[in-house]
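Notes for the one structure printed next.
As written, the chain order gives the labels A, B, C and D, with residue 1 at the start of each chain.
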């Protein structure tokens, strides 16, 4: 929408209309007694609003429609009245359906026996999907980067363990793709391909991963607003892959002094995002809080906020984990978390459903 | 703690020790093979660490103890082993006890009949404490500032309505004190005196309110870290008033583009704060989200996170409210929220209690 | 401006118009082919936009005009074509004129001889206005709060020293008012009354200080956006006092890890603010950076950005200062800063002037 | 450094020492009267501090050394006393030397004639290095992504224009590599390879680009703290390429309401970063402010802050630019900026040099 200055001339208005047509959109000119406002009919996201703001006679140029479209609830409902919530099915698990989905496993795969031991334990605790990191994005180049850093062969071996553990314990598996060079390799073993928070803005990676056609677990960057997060999810949808599971994992904290949690867990983003898009969204309390002692409460809170699932780092012996020891819980604690969360899901689900059908 | 440079001389170390004594603390010198570290025995918060950082031979000077003390769990447990959670009783309500406490009412008192109508309805819905704003802190001087802005007489009349509604419907009442000049007046009518988020740093107001000896509802500023929030609560405790109910009401969002919630509801701050202090903490989903359609989920989430209570803006006819219409729910909706939250409280309370007793 | 949904009915539009009139404004209805947009004629800041957003048929309700008016360039130029830049004269100093204004002195007044020694030295170094803190807002209640904390008598004595030092060395003096109870006392001694960053939102203090009729030095809160900062300056202008000197002193940093400066010095806010308001704006590199070794460069940068003046903490012996030792420079260093800044002012001033007359 | 609890036992201390040795570091145990502190001798960045924080008896585990090493001033000075400032020479230009370096050109290459016209003009205005975008990282998948998006052939053609323009007008050229697949292609044409802000965390891209052996222009992410920024620069240094030109281009703004600049230009980060590393750092006022009318002042401010160079988007006809029209200046305006900045550089350089040799 282009808001003209009160003193804008007819020529200036005509010029703006001409410019809008250059972008292939139609102009909807509204002349008030005092001010003229020009709406844009067509795909607003093709417009460079900063260009319009510099044209003579223009007071303000701003986007009224949301910067994402293919994944927006409004858009998908034009084609399918029922499309309130996308359901993504992987093996025996459906994300976005009535059931809460639990993804669990170690932060990082250390060796085969560690992985199998944890996989068995989390299955027993009630998890549905197995996670395990192989290519780890770390803040320091000097930190342990996962087994994937030891070369393609060792990476493939670790991937094959993960796939094998998934088959053995009947859980689809998810692992992170850190760079474009790994897309092909990871897609051969993983059921769900994860794009991590630090890669949220990496559009070439997004497009490449999306083209594999597998479901994607897509994490929000800690500095990204909701619109940015969804705009980058749109990069994957634009490749024809809408099997995107969004994931809130914490944003930058505000204020000075010691941060008592690793990030700020932005739980109100969950229902806010569900209002905008039909994609399912899960929450990762482990990375968001970085604190083992907060996982129980914050998992319950995420489900109460409406999350379709949870991703929780689990280790049979947290204090021996090579990475993120402080945020890992045991399989026993996981079972407690799952039990409480299932009850909370039962409590909040009817109200959400009501909102969907009425609102 | 003062960390000396590796090359620090004996004289430089001696000088730091001398400086520490000037502040009335004792120095605990630890000589390692490579580096000397000097601990501070006494009240670290009396030290200006920036002063020590400029002394010769010093690498870094930092606070190891928390910047609040009187309200810290660690401190109060020295005197009372049981002091895991402070309980604050106002009339027939205890905040910090086993029961979830619900504060509800209009954002702003518009007239007597509006207030009584809402008070009756929220009581019926299950609320325990009645809120109603008289002195409203607004971002724009040109906005409606509450009835308190019409002079002392009208302010007092509105306060008397609030007190009367409280008596009639058997709920203690809470209202905000915006400036020092109102402390005396408000203390005569309110059972709980509220210090709003924008006044969190206003230490003269904090001290003045605390001296009234009544319970205080103390809201976190949207730009304040947890340590800052607790350090300013300490200003009230230092006046001898520890009946402080903390309140999380949203922090500044991150990222660019449209904010889909008014603020970011920092729910992981709730258990993190409960880890640091024994003061009770409640949550205000109305101001945090600014969205009526998110109140149900985010109230449930706050209770799941461990909140001792909720403060929810309620209006019998939200779209006619003069202030904050978008975030108000009806008494019927409030009843739904309360019912779900009570069940969630039952689910998470035993786990929290276990944590408390086990340590 | 109210943007209606495409499917909004005539009745819904009429209802919005009726609501606008209730607030005493006129509605400017613009009917496009696809969408109706309703402009507001009158003082937009009296509208509660959240109220309009809840009305049936409304897509979005937003403020188009800025939330401040009395201090906006646009507004003041309606009455006075020349009113590009307000000039505030205090004694022999004009802030907002052609000359760069330097405010210097100790963070905190410790005793009379310290103050006089520093006052003489900063005058010699080229400062124009003397600063000295008496009522210090500190993060911790246990820290030194300035001589003002020792009671009214000692506060008044320190204020009289400041006034005397100002007379002796021919510099107007500025000191902070921390609470409403001090307004009267401070106004008797100070030539300029400072409202600190932590009090930016304290509207009762702002109104009270403004009513004294003296120039005000008004600091931006570290969590405040530009519009908020100016909206609270408007609280003082609404009392009839437009002698407001704005001050940028650092905002909250982003990101994780050690902050290498105390705050983020938001220098691009300076020309951005000068674009919005005709009030002068100065910069405080001492509080913004918290680092003595950055004062030279960041003072130069602030002047290059267009600041009308600088406020710099100075101490004859920084490492003995009781408060903020790390950020204080010596009078000799101050002289170096001033000399470089005067040259930079000469370089950037003509360009700024050209912009003013042409743009 | 590991700070033990006051009540830590001998066994707990011994256990921490044992754990430290596992990581290949030595432990430096300092026993004070009250508390034991254990320093780490060796490369702290190999430690997972969260692991140590979970060990029994530990109060706090924290990094004392900076998380980057190869690029830190402290480290490089061990081998070369003179290594205060790295100088990077590309063709006829040295970044990090006595001269201010100006990078200019269009945001995006639109066609050959546009590029050549601008290249000639910026050379005449005083620029040293030519920029031009081919692979554009955009927030929306529906926006123009640069000529690089039209396939490898068209990308290569645009790259060849850039290289040709560089030769013709005797300026080294820089362009952004957006994804790993483009590294090889871009390295054949560009003299300096740019990694954009959104890719700052993309460690596989960083490593790949670094291995090309060419100088890298490395932009800070808008959500990254200084330590994070330098830690990711370390990823390139770890590949043996230290020809890294850092670039500050704006961070996320704080506060609510309209942002009057696109980002917050973090100028105090410039001298703060120069204190930590010997790598040169330049500033990009175009992306930081997003406002043509602020470029003059903010360029001057960046140089006053100590920047080694500037990157400024320039277009012969800004209002016709396809991308970022609002932030582009004309070549004539560029000449004005350069002239003022050269004078400011002359003013601040001696003081910086003095600091280097003395401090």
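The rule we apply is simple: a contact is a pair of C-beta atoms (placed from the backbone, for glycine too) under 8 Å apart; a residue touches a chain by one contact, two chains touch by 3 or more.
Note that the coordinates shown come from a computational prediction; the quantities given were computed from them, not determined experimentally.
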Other chains in touch with both chain A and chain D: B, C
Selected interface, C-D versus B-C, where C-beta contact pairs are more numerous: C-D
Most distant chain from chain A, judged by the mean position of its C-alpha atoms: C
Distance from chain C to chain A - Cα centre to Cα centre, in angstrom: 40
Intercentroid distance (Cα basis), chain D paired with chain C, Å: 31
Separation of chain B from chain C, taking each centre as the mean of its C-alpha atoms, in whole Å: 27
Where chain A touches two or more other chains, by residue: 67, 222-224, 228, 252, 254-256
Chain C - residues contacting chain B, complex: 43, 45-46, 48, 50-51, 53-55, 67-69, 137-144, 178-182, 198-199, 201-205, 221-224, 228, 231-232, 234-235, 238, 252, 254, 290, 292, 318-319, 321-327
Interfacial residue positions of chain D with respect to chain C in the complex: 66-67, 222-228, 251-261, 264-273, 275-276, 288-289, 291, 293-294, 296-298, 300-306, 336, 340, 343-344, 347-348, 351-352, 355, 359
Contact set on chain D toward chain B in their complex: 1, 3, 28-37, 39, 41, 59-60, 64, 223, 252, 254-256, 259
